[in-house]
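One structure, as structure tokens, below. Some questions next.
In this document, chain identifiers A, B and C correspond to the written order of the chains, with residue numbering beginning at 1 in each.
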Amino acid sequence: MAKTLGPVRRKFSPWNDPTAKPLIEFRNVVKRFGDFTAVDDVSLGIYEREFFALLGPSGCGKTTLMRMLAGFEHPSEGEIRLAGASLAGKQPYERPVNMMFQSYALFPHMSVEKNIAFGLVMDKMPKGEIETRVQEMLKLVKLEKFAKRKPHQLSGGQRQRVALARSLAKRPKVLLLDEPLGALDKKLREETQFELMDLQQELGMTFLIVTHDQEEAMTVADRIAVMDHGKLIQVAGPSEIYEQPNSRYVADFIGDINIVEGRVTAIDGGLIRMEAAAPRVSIVMEDDAATSVGATAWMAVRPEKVRISHDAPIETGVNAVHGEVWDIGYIGDTSVYHVKLDDGGTFRAAVANVSRTVERPIGWDDRVWLTWSKTAGVVLTA
Amino acid sequence: MSTEKSRSGRFLLVGIPYAWMLVFFLVPFLIVAKISLSTSVMALPPYAPVVESLTDLWRKIGEFSFFNYLRLVQESIYVESYLSSLWIAFSSTVIMLFIAYPLAYGMARAPKAWRPTLLMLVILPFWTSFLIRVYAWIGILADEGLLNWLLVSLRVVDEPITFLATQRAVYIGIIYSYLPFMVLPLYSSLEKMDETLLEAAQDLGCTSFQAFWRVTFPLSIPGVIAGSFLVFIPAVGEFVIPDLLGGSDTVMIGKTLWEEFFNNRDWPAASAVAITLLLLLVVPIVIFQNAQAKAQEAGR
Amino acid sequence: MRRFSWFNVVSLTLGFAFLYIPILILVIYSFNAGRNVAVWQGWSVRWYVEVFDDQQLLDAAWVTLKVGLVSASVATVLGTMAALAMARLGRFPGRLLFSGMIYAPLVMPEVITGLSLLLLFVAVDFDRGFWTITLAHITFTMCFVAVVVQSRLVGFDRSLEEAAMDLGCRPTATFFRITLPIIWPAVVSGWMLAFTLSLDDLVIASFATGPGATTLPMKIYSDVRLGVKPEINAVCTLVIAIISIAVIVASILTKRQEVEREKAERAAFAGG
């Protein structure tokens, strides 16, 4: 029986439906700035009502990809299609796509309501309708009382909501969010993430968010595209990205992980056996990675899936290393143990602090065993 | 369609000011260059045309007259004007540095609430007429002027000293007129300096003076350089100050050019003086630009 | 709270005394009753009365004002365009020459600018007078406007314009609705700078002018060459008074705006 990876949030997966047509399509898109290739042969489909995240470190090309969709940059090669029609040659002001800017880009000389009405005025919407729509948007972002204020008279969080209201006012087919929460403090950011998700559900719109914050991407998005050096590395749902990364890059970029390099010694019946040099250990993992005997591969296991104990494991068929506790990071909900392995290298294990008192606490310099089952991690070939 | 439209918009945006500067800056300049190569005649305009047509050009190329440039080297009045302009500009810049630095320092270290007012007080004379500020000194420096009256009544001197129509007066005029240009860059480089740097220096054992000399001053050098060039370059070509305050013994190149042009009506000579002066200034300007670019890089 | 140190007090006092005493003396002596400029003979406004009786002086002032208004306005438009071209268009053919031509007049001795423009006007046989002075002033002041406006554009958040376009605004409309209102303070100070430079200019105007057009600086200069005259003291005092009042009022207005803005910002943070 197939197990699912992680929790299931909502039953929405048009990307698994071969008959579904994507709303946005990037087809072999390349963008070069002089000698520098910012976006390198990206093909990607984003579906209607999807909340899609582009995730990667700064300079990975995610913002360029989004700006090409908005029309501020034009692809050097390939094409972008929206609802079946090519966007080539369309200027930003001709595209049914709106963007919320990282800096918010609120017009400093206009009041909150003028800012929100701006796009509608540009569309030459009748005055009465503009007023109704602006009121509606103000209510949506809970800023009715601030309609007459200028942007500099607002707090950071309020500005963010004005920017959001302004970009939603025209009811675009797609809303682009460029690091929308980057300027907010941690607590407000987490609240706003959930507000964004509710809003997207409520309005039934397609959201494309660019972020370098993996937690943010994991929280809000239906699917995430992890990018590096202009290339898409993996496109998948948050739980798959976390539990089934397709490369060391993704595994390392998302969350914390232990990676051990080794040589494959045997493959049989869905089991892969590896010999590692540092730490010197034999590993067996249940994985169907495409590798061959003698090839180099990497075993990756998340710290929270590693057990830490004073005692050697009793059961067989479990992977185990031993060493000395080097450092303990107490974060509150979890403790992270950094263990210096006897056979070389370090390893981390995270333990949830489920009770307030511990009977046999693990302390600094303790000798410990670290164990993980053959399904706890993955074997990576790249 | 729309791209085409925006392209024509861009063309107009750059095209109009570009055309203006070509017609009113570059072309006049080429005319000056051309006239500097022609010979002086007693007529109106007082120069012989150099080239009348393209075929003419070819013939004339071999016989351009560098006569005017030769004169610049041979006649002592020109060489003297150039050298004394450079010397006066340079030495007044140095003197000004000693006056402007304490002033800028005092402003930058004044209570924060005072600084905008002090800044305003430095900028205000810059807005009021240059000519008037130079003129104000004539009454003060004259033989029977206020300064001499003061010196005599205080019995510092027995006889009035001649200030007006001397080099001393030119120095005073230049220093007085250009002081704001020196103070402002110094102030801005001193004002933005992080005061904790000084506290750190003192914490590490510097006396106040050492802290100034080892921390404040080195960090203000970009301001010193910027101020010096802002003062030096226009001072070299100055006309009003040597004309109104200096005497016949003060020859500066701006004044020589003016006299060559208006009094002697020797346009080719004036043009040659202009071209040479410009070339003379290009070198310091290039140095200045490089220094600024470096300062910007360092500031990044 | 930081206090003045004695060193700072001394250097500030001496520095500002040096800057202001000559002007102060000029102003005081403009009220001197006697013709002799060095000897004080009691208070009087007779030289001011004479200024307003001197038709030549009034004509010169009027010419100066007209030249200043026309040239500052045209220079502001051209200089703003030049600034936009330099800040926004990136690389375009001849950019180096363009920026060179914009920066050169800032450092070029006025005698050279004046001489070259005069030679142009002579070469094309253009009647010299009011218009040639105005053209010359537009040319050298637009460069100052360009530099002032460009420095504002450097700090301009481009995403504001992108946001406007993203919301359906065409480029030209974006300029008038977003860019211009935001850079407006710089455009205004560019205009003011151009205006004062034009009022102040003696050298370039002397070259560019012909018979019939005399500006106030030219008139003052020709009088001053003959020695100090009390009427000139009065004229200078008037000019100084007008410019100082204008500058002080302008700076108080901007200061007040800033204070209000800050107050509003603080209120927002307290309330938000």
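One rule holds for everything that comes next: contacts are C-beta pairs under 8 Å (C-beta built on N, C-alpha and C of every residue); 3 or more make two chains touch, one makes a residue touch a chain.
Everything quoted here is computed from the prediction, not taken from an experiment.
Undergrad: Just by CA atoms, which chain is the most central one?
TA: C
Undergrad: What is the chain whose Cα centre is as far as it gets from that of chain A?
TA: Relative to chain A, the chain whose C-alpha centre sits farthest away is B.
Undergrad: Between which chains do we find the greatest number of C-beta pairs in contact?
TA: B-C
Undergrad: Distance-wise, how many Å sit between the C-alpha centres of chain B and chain C, to the nearest whole number?
TA: Their C-alpha centroids are separated by 17 Å.
Undergrad: Return the distance between the CA-based centres of chain A and chain B, expressed in whole Å.
TA: Spacing between the chain centres: roughly 59 Å.
Undergrad: Quick check: how many Å separate the C-alpha centres of chain A and chain C?
TA: Here chain A and chain C have centroids separated by 55 Å.
Undergrad: Chain C: which residues touch two or more other chains?
TA: Where chain C meets two or more other chains at a single residue, that happens at 170.
Undergrad: Which chain A residues sit where two or more other chains touch them?
TA: Residues 91 of chain A each touch two or more of the other chains.
Undergrad: If I count partner chains per residue in chain B, which residues reach a count of at least 2?
TA: 2
Undergrad: Residues of chain B touching chain C in their complex?
TA: 2, 6, 9-10, 13-14, 16-18, 20-22, 24-29, 31-32, 35, 45, 99-100, 102-103, 105-107, 109-112, 116, 118, 120-125, 127-133, 135-140, 142, 144-146, 149, 176, 179-180, 183, 233-234, 236-240, 244, 254, 257-258, 261, 267, 270-271, 274, 277-278, 281, 285
Undergrad: Looking at the complex, which residues from chain A come into contact with chain C?
TA: My answer: residues 70-72, 91-93, 97-99, 101-103, 105, 107-109, 118-119, 122-123, 149-150, 152-158, 166-167, 170.
Undergrad: Inside the complex, what are the residues of chain C that reach chain B?
TA: Per the touch definition, chain C meets chain B at residues 1-5, 7-9, 11-12, 14-16, 18-20, 22-23, 25-26, 29, 37-38, 78-79, 81-82, 84-85, 89, 92, 94, 97-98, 101-102, 104-105, 107-112, 115-117, 119-120, 122-123, 135-136, 138-139, 142, 146, 170-172, 196, 199-200, 202-203, 207, 217, 220-221, 224-225, 227-228, 232-233, 236, 239-240, 243-244, 247-248, 251, 255.
Undergrad: Under the definition above, what is the set of chain C residues touching chain A in their complex?
TA: Its residues touching chain A are 157, 159-160, 162-170, 173, 178, 181-182, 261, 264-265, 267-269, 271-272.
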